[in-house]
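Presented below are the structures under discussion, each in the form of structure tokens.
Below, chain A partners chain B and then partners chain C, in two separate complexes.
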Partner chain A sequence: MNRFAALLGKETRALFTSSVAYVVLTAFLLIMGYSFSLTLFLTHTPSLVHVFFQIYVLFLLTVPVITMRTLAEERRQRTLELLLTAPVTEAQVVAAKYLASLGLIALMLALSSVYALLLGLFGTPEWGPIVSGYVGLLLLGAGLIGVGVFTSALAANQVVAALVSLSLFLLFWIIDQFGYLLPDPYNALVTNLSLSVHFKPFATGSVYLSDAGFFITMALLGNLLAVRALGRR
Partner chain B sequence: MDPIIVADRLGKSYGPRVALSDVSFAIAPGEVIGLLGPNGSGKSTLLRILAGYLPPSSGEVRLDGLDVVRDGFAVHERIGYVPEDAPLYDGMRVAEFLRFMARIKGLRRVAAARAVGASIEALNLGAVREAPIFRLSRGYRQRVAIAQALLGDPPVLLLDEPTNALDAFQVIGVRELIRGFAGRRTVIVASHVLAEIGRMATRTMMLVDGRLLTQDAMALAAAATPRLCVRAAGAAEAVRACLAAVAGVGAVEQAADGSFRVVAAPRPGQEPDLAAAIAAALVGAGFALSELAPEAADLEAVFLDLTRARRAAA
Partner chain C sequence: MTRARLEAALGALALGAALAGAVMGAGDGANIAFFIAWCAALALLAALALRVPGQIAGPTLLRRAAGVGLVAAAVGVALLANVALYRHDVHFDLTPNRRFTAPEELRTVVAQLGGEVRLTYFYNAGDDAAWTAKDALAVLARAQPRLVLRAIDLDKEPGAAREFGVRAYNTIVVETGGRRVQVDNTVDLRQVAYAILRAQREGGQTVCFVTGHGEPLEGPGGTGHAHLSHEETLQSRAAPGEGDVVEGPPAGLDRLRLALAAFGFGYRPLTLATEAAVPAECSILAEIGPRAPWAPAEASSVAAYLGAGGRLLLALDPASPVTEPLAGLLATLALSLPPGQVIDPLNHYGTAAEKVAVPYYPPHPITDGLALTIFPAVRPIHLAPPPGGVEVAPLMASSQDSFLQGAPEAKGAMPLGVAVRGVWPGAAGEAEFRLVLFGSSGFLGNEYFPAVSNGALAVGALRWLAGDAAAPGVRPPTYSVPEIALTGGEMRAVFLLVEGVLPGSVLLAWFLVWRRRR
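So, the complex of A and B:
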């Protein structure tokens, strides 16, 4: 536990001593603040559904930036050799990087909860969809980071890692559009790979275990494959 | 005493390129092994396999009775490793980095702080304790890398070119440090600098083109036929003929500087005083003898002989 705490501490410090975390946080808060106020003034409805969909798209764009350096940078600096010859497991190394990145996503969501508090103070919002929206975003973030850490484990270059995960996210964002064109049963199979299909219910207040399971599977699979990628040397 | 490291027919290939082939050796606890070889001979690959970073393509290595592939975690608890070119976390400060390495080696806070202090003192890093690593000179980086390997007091140290980029004083410091480990820790130091290895190792292994040419180059050097360096005024051919006529002389070669190298003929059981015989013969023949000195076969000679023989065979 001591070793894992040290790894997690190092990853968190690395994330917050680089400019990435602050650039991402600033961009996120500026865009969301603008979008929240604009939507509220236009609709006069105490709801965060629109905000959730915008955060969803922002996550697809920012997670690759957050995760790109995790393992690719260790490989480039050759510090991976130091880490993997120390008495820590590959799973611990990956998990520490994963959790540190998830921490940043959680911080972004925590800061955006100001919008919900404002709605609560000055209106009477329906809390169910707000809570389910946040749960959905956290699960989405968990799944995306899993994939991001995996691509970073494969690439020796941060930019390549970011581009690969961004391409994957964009593909799985719109893959349901292709799914509708396919014959039965392939249409259901491909449509169910879509991030949007699994996120929509959360944003609108319905929580299905299958949707949660989809994002959790993404996260676990990403971590597992990243551990495997580190093991292949 | 049981060996602490045993390699059995190790091989490593990167695709079609063979980096190591059929490497077997045993190392007793407390030995300081110099691993000598030209650049690209497979030293770093061998150390990476011993450190459990790379799996061998064939054969196996046991460290303290543990298989380095299957029991990687337990092996990592027993080693301190300095990779080639001293990779470090550039974004960290020296003490912060060492604290982190101590913690992932399993030391608790207080023990970690104590180990970091001892390491900083041993490598003389006090002046850069709080300096960011990306600002350090190559010499300091190298010393920080050695300092992290000492954390947790591992019984086995694997050092890949540890004196690279150090100045003369720092080299002496590191050499003394490594020499001091003899008898207490098992150390493998890889280097392509002959003089360095000769001064710190208790035994030298030579690796050329991925093959282990000898497990004890120093013993080879000591056992090599002694040679004498002779310098005398006079016609070169006449001097050579005079030298060749001395009983007990095996071969005479003339060096580029005009001096002669005389190799004794192998005569088991007899240790004639060849120098005295040569001196008497030259002076008797009227040559002015200006130099007559025994020339011990050194590591360099063994290294060059073995490397040439290996490359000729290949």
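So, the complex of A and C:
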């Protein structure tokens, strides 16, 4: 456990001493701040539903950037073999990189919670949907990072890893639109693979445990396959 | 914790939660236990999958088949696990309309019940919304012994409906103190709250709106046309009447009128000049934004009305002529209204400094719990020491930076509203009169009534005048979409915070890290 804590500390430090974290954070806050204030000033509505959907789309775009370097960068710098010869397991390596990336996502959400505080300061927002929206975004981020770490474990190049992650995210973003083309019960199966279908209820204050389970499964499966991909090498 | 211990703990947790779910049987509790078991089992399977060797000995084809098989098995297990979870799903309703929770208005009213209130709900068993309303009422009645609920399926007990004279589904009959209020065809429980307040009110009270002085507000009896529409939002419409929006002329009084009706106040227009005296049925007299001066006889009849314990609401904006008869009436109470419009560069709505915003209030029942109030055009009120037997309480004031239009050098806070009570100077009796005077009338109109706490201020003032102290915290319906109103300064502060301070602090942290690394 001490080795894992040391590894997690190293990964977190590596992430927060790189420019990626700060560029992503700054861009995220600038875009979301503009969007939040514009929506608030124009609609005067004490709700974050629109902000949640915009963060959802931003996550699809920024998570590949955050995760692309996790394992592909180690491979490019030829430090992966060195890391794997250390007294830590592949699972610990993957888990440390996963949790460090998740920490950045959590920090982004924590900073964006200022928007909710502002709504609370100036109005009377419905807190239920705000809380469920943030829980949904954290779960979505956890699932996306799982897939991103997996593609980073597969690819030898960061850009390839990011592009593969992005393609997968975009596919699972809109896959529910194609569900009606398939016969029953495959249409339901394909529709339920959609990220939008599982995230939308969270954003509007309607929480299903099956939606939470979907993102948890994504995260676990991504990490498991990333470990297998590392082990294969 | 070793790997084997972790796996054992996960197994024990999965087994224990599954057993607990099985013992609980069906329902949300059991499904939550199953969800915990599901999470633990999934984590255990992942941990066990890690034990499978990454490389197996044998021909290349076999090694690849084993690898593909493991991935296919993992994906298959994940899919099946999600199907199983989907079949034992649990839903938490965090929606804004809280379908299974009584609205705040009803909870507040019920919590403050002083005597027994009997509710009889003739619900439609085929209407989901009616079932929901009935369940929410049952929860409330269980917590408040003074609320006696009788829910009747109208189709099964038509005799009971005949006995009550009920002819429509989802009708609620409220009975208390020998009084009875009936609300037809509703599943909106806020209407029940207002019905209880109406039933609690002893004797009907009528607000008489003075007309005949070119009052610009299209008040009751005016020519204004308003209708209810519905605003489509991302939030679903859970109940009939919920989300209804009044569309009417911006200066009209339709929203105020509907809010007063919800609290059980009647209304009538009153042409004061044609009356010898203020009619006895007028519990409250309201003069809102006159454009022509009062006649001396009108001022005399109002003075007599107040001397006999009358209640008067005066909303006089900068365009209202406050000449001798009316000015003399106010001078009796040592009140005067200097001409001019207040400009407040510090607290105002949006970017318009003439739309004065008031964020803080001295303590008074009218302003208790109010947030921001906005006055689109307001004149100051001058207070002098009141005569004996009269209490004058300022309700609100502009900021220290405010000034009268055209005189920016004379800055200072100016009272914008006062509440007066006591015995009218020179009156024969000891009856208590009440008067509320505002230096603005626009905040009562359709356009500004829903803005933050304007509606609550208007209804609060009228309820205080009426001596209505039942559940004073209940806010009136505004028949509008809930909104946040920001002053210009607040908008700048919000923008600066989210677009300057937040990203700037991240950049600062980046700079500090970079400098430290160098």
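Odds and ends about this structure:
Note that in this section the second predicted complex is superposed on the first by the 233 of 233 C-alpha atoms of A that agree within 3 Å, B and C clash if a C-alpha of one lies under 4 Å from a C-alpha of the other, contacts with A are read in each partner's own complex, and residues count from 1 in each chain.
Methods note: contacts are C-beta pairs under 8 Å (C-beta built on N, C-alpha and C of every residue); 3 or more make two chains touch, one makes a residue touch a chain.
Worth saying up front: this structure is predicted, and the values here are computed from it rather than measured.
Look at A:Ala86: by the touch rule set out above, it reaches chain B but stays clear of chain C. Shared-chain residue A:Trp173: touches no atom of chain B or chain C. Of the two partner chains placed by the overlay, only chain C lies in contact with A:Arg228; chain B stays clear of it. Using the contact criterion defined above for the overlaid structures, shared-chain residue A:Leu25 touches chain C, although it does not reach chain B.
By the document's definition of touching, of the two partners only chain C reaches A:Leu118; chain B does not.
Within the superposed three-chain model, A:Asn2 lies in touch with chain B and out of touch with chain C [touch as defined at top].
Once chain A of one complex is fitted onto chain A of the other, the partner contacts of A:Lys10 are limited to chain B, with no touch recorded for chain C.
With both structures placed on the common chain, the touch criterion links A:Pro46 to chain C but leaves chain B unconnected. Counting the residues of chain A that each partner touches, chain B and chain C differ, and the larger count belongs to C.
When the two complexes are superposed on chain A, the residues of chain A that touch both chain B and chain C are 17.
Across the complex, chain C meets chain A through its residues 1, 31-32, 35, 38-39, 42-43, 46, 49-50, 53-55, 67, 70-71, 74-75, 78-79, 81-82, 85-86, 89-96, 98, 234-235, 452, 481-486, 490-491, 494-495, 497-499, 502-503, 506-507, 509-510, 513, 517. In the complex of the two chains, the chain A residues touching chain B come out as 2-3, 5-7, 9-10, 14, 17-18, 77-79, 81-89, 233. On chain B, the positions that touch chain A within their shared complex are 48, 51-55, 73-74, 76-77, 79, 81, 83, 85, 87-91, 100-101, 103-106, 108, 148. Chain contact summary for the complex, chain A toward chain C: residues 1, 16-17, 19, 22, 25-26, 29-30, 32-34, 36-37, 40-41, 44-47, 49, 90-91, 111, 114-115, 118-119, 122-124, 126, 128-129, 131-132, 189, 192, 204-210, 213-214, 216-217, 220-221, 223-225, 227-228, 230-232.
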